[in-house]
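Chains: A, B, C and D, in written order; residue numbering restarts at 1 for each.
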Amino acid sequence: MTGTRWRAGARWRAGARDAALLAPSLAALALLFGGAIIGAARVSLVPLGQGPTLEAWRDLFDDPLFADAVLFTVRTALLSTALAALVALGLALAVRRRGALVRILLALPVPVPHLLVATVAVVWLAPGGLADRALGGLPVTPVRDPAGMGIVLVYVYKEAPFLLLLVLAALGRGHQESDEAAAALGLTPFQRLRWVTWPTVRSPLVVGSIVVLAFALGAFEVPLAVGPSNPPTIAEYAREATQGDLVSGQSTAAAALLLSAVASIALAAIAVRAARDPQGG
Amino acid sequence: MSLRFLASVTAVTLVGVALAACGGGDSDVGTGRAAGKPTAAGFAPTLAAARGQTVRWWMYGGDDKVNAYVDDTVAPAARKLGVRVERVPVVDTADAVQRVVAERRAGKTSNGSVDLIWINGENFAGGKKAGLWLKSWAKGLPNSRYLDPKDPTIRTDFQVPVEGQESPWQRAAFVFAHDSDRVRTPPRDLDGLLAFAREHPGRVTYPAPPDFTGSAFVRQVVAAKGEDAAFAYLRELRSVSYRRGETYPKSEAELSRLFGDGQVDFAMSYDPAFVNSGVRKGQFPRTARPFSLADGSLQNTSFVTIPANAAHREGAQVIADLLLTPRLQAAKADPDSIGNPTVLDLDRLAGRRGLFAETEDSKYLLSDYGRTLAELPANRVEDLEKRWTLEVLRQSP
Amino acid sequence: MSGHELDCRDLSVSPGDSPVLRGLSLTVPAGSRTALVGPSGAGKTTLLRAISGLQDIDAGEVRLGGEPIHARAVHRRGIAVVFQEPRLLPHIDVQDNVALALRAAGVGRRERRRTAAAQLEEVGLGGLADRRVQGLSGGEQQRVALARALCANPRLLLLDEPLTALDPSRRAALRRVIVELQQQRRLTTVIVTHDRSEAAELGQRIALMLEGLIVQHGEPRTLFERPVSAAVARFFGVSNLIPSGAETLAIRPEHVRLEREGGRRGIVVEAVYAGDHVRVVVECGGQRLRAHVPPPDAPRVGEQIGVILPSEHVWPLPAATSRPEVTGSSAAPRVTL
Amino acid sequence: MAALLASAPLLALVVRAFADEWRAPALVPQQLGLRGVQIAFSGSSAEAFGNSLLVAVATAMVALVLAWPAARVLGERRLRHPAPVFLLLAMPLLVPSYAVGTGLTEWFIRLGLDGTLPALVAGHLTFVLPYVVLVLLSGFGPRLTALEEVARVNGLSPFRRLLWVTLPAAAPTVGASALIGFLVSWSDYGTSLALGGGRPMLPVVLLPFVGADPQVAATLALLFLAPAVGVLAAATRAGRMPL
């Protein structure tokens, strides 16, 4: 009797201790992030010098350009993420037994800010850029391409190495052993890929892809540098709104950004559910 | 606030005009007609209060020559007056205005972090409407006596009365560029430009509004042809323009790069000296030349304004006044510097007119911009941009 | 179901540049069980990996049931391997792990489950089919790994120190399971171990591997009592190597008899109680001889005692062994009998 | 090959930085020169470099301290329902940084914090903290717990345990998470502009030149890459993957 009570007490104490350990970072995040969201919501609902109004939200939903922007943003973001994940997976399988040098070279784009990668993309791929000069003409022009190929290209170049690192990290832990065991049992390379490698990398790949997707949905630097002039991405739309009308523009921008944030979080929740274990196998 | 004011008033009554001589490093400041509206004595308290202040001047930061002018010419002159200038580079003037709006929203009515903004057009008009700017200060600047108060581009900004809420410092005129090696005679007017584009499909484009320059190009067409005719013209231009009008450069800088790399035949800018700086940056070929269209050129002035909550409003006024001194205006007009025409009225300069003598002649600068097209009212700008997006850009094939 | 003969000929393998197998040959008759023993670093695991195809070979050939298989991909060799660590897939449950090979072969789900359940029963894990792998103990996991290997219905079963990570009682139990199942199925099996007595229990035959070569392959008793070299003798615990003229005589310590009277007289210099026997060292004519005697009969240190070497247990090592670098480092006491 | 493909584009930046004139169709610059360097090092760039460095280092350090206990709990999988915690952690990563900057500015102005270094550190923390926690937690787990138990039974005080056992054992992940944190802060434009109140920060100084002046942009970009490349090179020398 006292034993169970003691155990319950111990469990409670351990829980309280864990909560205390989590508290500093979670409190800091809740404060900063929550404050930011509340602040953005306030901006969207209360334009400068006016009372609360839903005008900004109404404007947003009435604007055909915003609908274009949402479609375009979702399409490029999904495509970028899927391609980056595929490239990362392919590279991971190709270099998993290679040395540190190859890995470091492949990881090089990871610490490079997006803006710089976009700048470099312009230097190389724009009409009149280095590739154009070297080849005497490009078969396709990804920079400012109306389909957004330039955006996709930059994101794949930038994010595939990031996902590659996650995948390689997952493959480092006992994967080779499991793979050998499966091979010895008579699994073909393709079966091993499906039943051994894929389950190992699925969680980190999905979690990483969510981060990539969310970033691609919300960033404006890359579309600004290589995206088409129409349609804009959501973040670009927001930025342009703030450059238009001073008072209502900020509210419209905040509303657009909030909507994109909610969409990202919803997508992430769906993806995590699909991947089951967010902590990784 | 009131304390500081009291202190400066006391300083003035004690030392009187002697203080004006303190600013004597630059003899333009504080001298002048005692009888006119802006007087040295009237400005003396401001000068006194400005001493020791650091003015944070938020301005577009992508032009090295403008940056160098502020850092190497304005800042040393200001230092002699006891004022430090700190440039805050922004990508777009709207970023600076947003900052002021955020402070207003947060109820910060004094000690704001923006002291001075390089501004004009919609940004100024929007801020004026929202009451963001310090009122009536520009009229009191001693050097404003060199301005022509009847000049519409000085009196109004995109047809919005300035009312002393901003002070001019740069001239803007819409100018095109061509490579004289490639296109010997540039188009005469807008119709000529369209004809050229038809003859050379894919060689003409302009930045997409709401880029400042692209928006100005659209206004240039609207001012020359009337709104509906202008949009018919732009739709016609679309099908023969660069990449069949599917996409446009996002900024003037991008158009300049395309022009420099020979991808299109014309560049354009609201900065009359842009060919000069393009060649200097190595971005344009040395054979690049400016030209204007016979339909006329949009012209306006760009200003500096002081937010009502600026922490260093006196220092900011001193800088605004400094920018109007003939010496600094002349230095700015030098093609080796910004190469920007002065905002001052040369007829009012008397003896100092000679400062501007040698700046007239450069193959990279136009001496005449043709007929002046007045800027449209600021509140029409956003509507035009929106209409362009919907009718020209979005309807692309 | 019955196994095939494994035949390795002149295998040379150099994983990571330095040679580990140097022309090794080994034949395991169909349906038999060979325990592969040797000290750490001898190349036992490398040999298993070469046979299974996880390690490329530089030269030589591997035949299974007469067919050369060394050029085949790992999964086409019909070999199953149980590793030192269980290597189970963490994301699927126990029965799916067991039935992995069946799934690879395209066997239907129902059939897979049935076979896996039967196989789990055989390794003594009847009720655990639906459990997650992480919850199992080390011994249970290793049994699952064994069941998984058997489920593949291999032509050859390779076990790489499958018992090392287990405690003694689980070890014995799993050992019994392995032997029983092997006998039932007459599966050709190679079991790697570094423990000589475990090898004796597990293997119908033992192959001793030293420095990349099989130095002796035969029935356990032969290796224990009739070693072909001093090195083999030492590995199997023949601690008495007595030079005698041109040859060396070997006798196991448990065959050395100590008598209160008679025999060659010597002084007991060491007597250590080791549970089931007492290890006694007798100094005898300048030689040290080791004997294992039952605890009740153990002499005391300092006691004078007689040593008898029964001639039927004295084994003259063949002269001029093939591995001088092994025999050359002899530290055997010099005895003149 | 793929590795070369990944690194080659960046090398063009070096050439671009030292090309005073490089117009199409020339494959090599028409004229090399130091115009970019001169302009990049004039004005407030040096101050911006210092400010950015200071803020990034401070942010990474604060984030490490805050993240450490949380990463422990999560890394050792002590929670029965970790999903909500992970969701909260991930949220700032899922939201446009531009939105966070916009939303925070007003509060910081109200508190009178805007334009100060602590404000910048706090703003950057919104994005840096989640990254640091998520990277750091991979360093904790049974292996580290086992080592700490060894230290414990050997009578090391908690402080010495941390200093002699935990930190050295977790060093690679601590290093990696600090690096990630540093880089996220180092390259953040949105919050630096929104909360900086005009304080020069490197991304803010750099952005206007991107597009407008490729040479200056490339020069500043190289400056911008310097710490990242430095850390990567040091890690390579130490023979360890930092990421």
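Following the convention adopted for this analysis, contacts are C-beta pairs under 8 Å (C-beta built on N, C-alpha and C of every residue); 3 or more make two chains touch, one makes a residue touch a chain.
Predicted, not measured: the structure shown is a model, and the values here were computed from it.
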Set of chains adjacent to chain A and to chain C: none
Per Cα centroids, the chain farthest from chain B: C
Result of counting contacting C-beta pairs for A-D and A-B, higher pair: A-D
Between chain A and chain B, centroid-to-centroid distance (C-alpha), Å: 39
Chain B and chain C, separation of their C-alpha mean positions in angstrom: 89
Distance between the centres, which are taken as Cα means, of chain D and chain C, whole angstrom: 54
Centroid spacing, where centroids are CA-atom means, of chain A and chain D in whole angstrom: 17
Residue list for chain D, restricted to those that touch at least two other chains: 24-25, 105-107, 207, 211, 214
Interface hub residues of chain B, defined as touching at least two other chains: 105, 250, 257, 261-263
Residues of chain A whose C-beta touches two or more other chains: 43, 128-129, 250
Chains grouped in pairs wherever the two touch, ordered by label: A-B, A-C, A-D, B-D
Touching residues on chain B, where the partner in the complex is chain D: 56, 58, 60-64, 67-68, 71, 86-91, 95, 99, 102-103, 105-108, 113-114, 250-251, 253-254, 257, 260-263, 281-283, 285
Touch list for chain B against partner chain A, complex: 92, 94, 97-98, 101, 104-105, 122-123, 126-127, 129-130, 208, 210, 243, 246-250, 257-258, 261-263, 382, 385, 389-390, 393-394, 396
Chain A partner contacts - residues on chain C that touch it in the complex: 52-54, 73-76, 78-81, 83, 85, 87-92, 100-101, 103-105, 145, 148-149, 152, 154, 158
Complex interface listing, chain A residues touching chain C: 174, 177-178, 180-189, 191, 195-196, 199-200, 281
Chain B partner contacts - residues on chain D that touch it in the complex: 19-25, 30-31, 35, 39, 42-44, 105-107, 109-110, 114-115, 193-194, 197-198, 200, 204-205, 207-209, 211-216
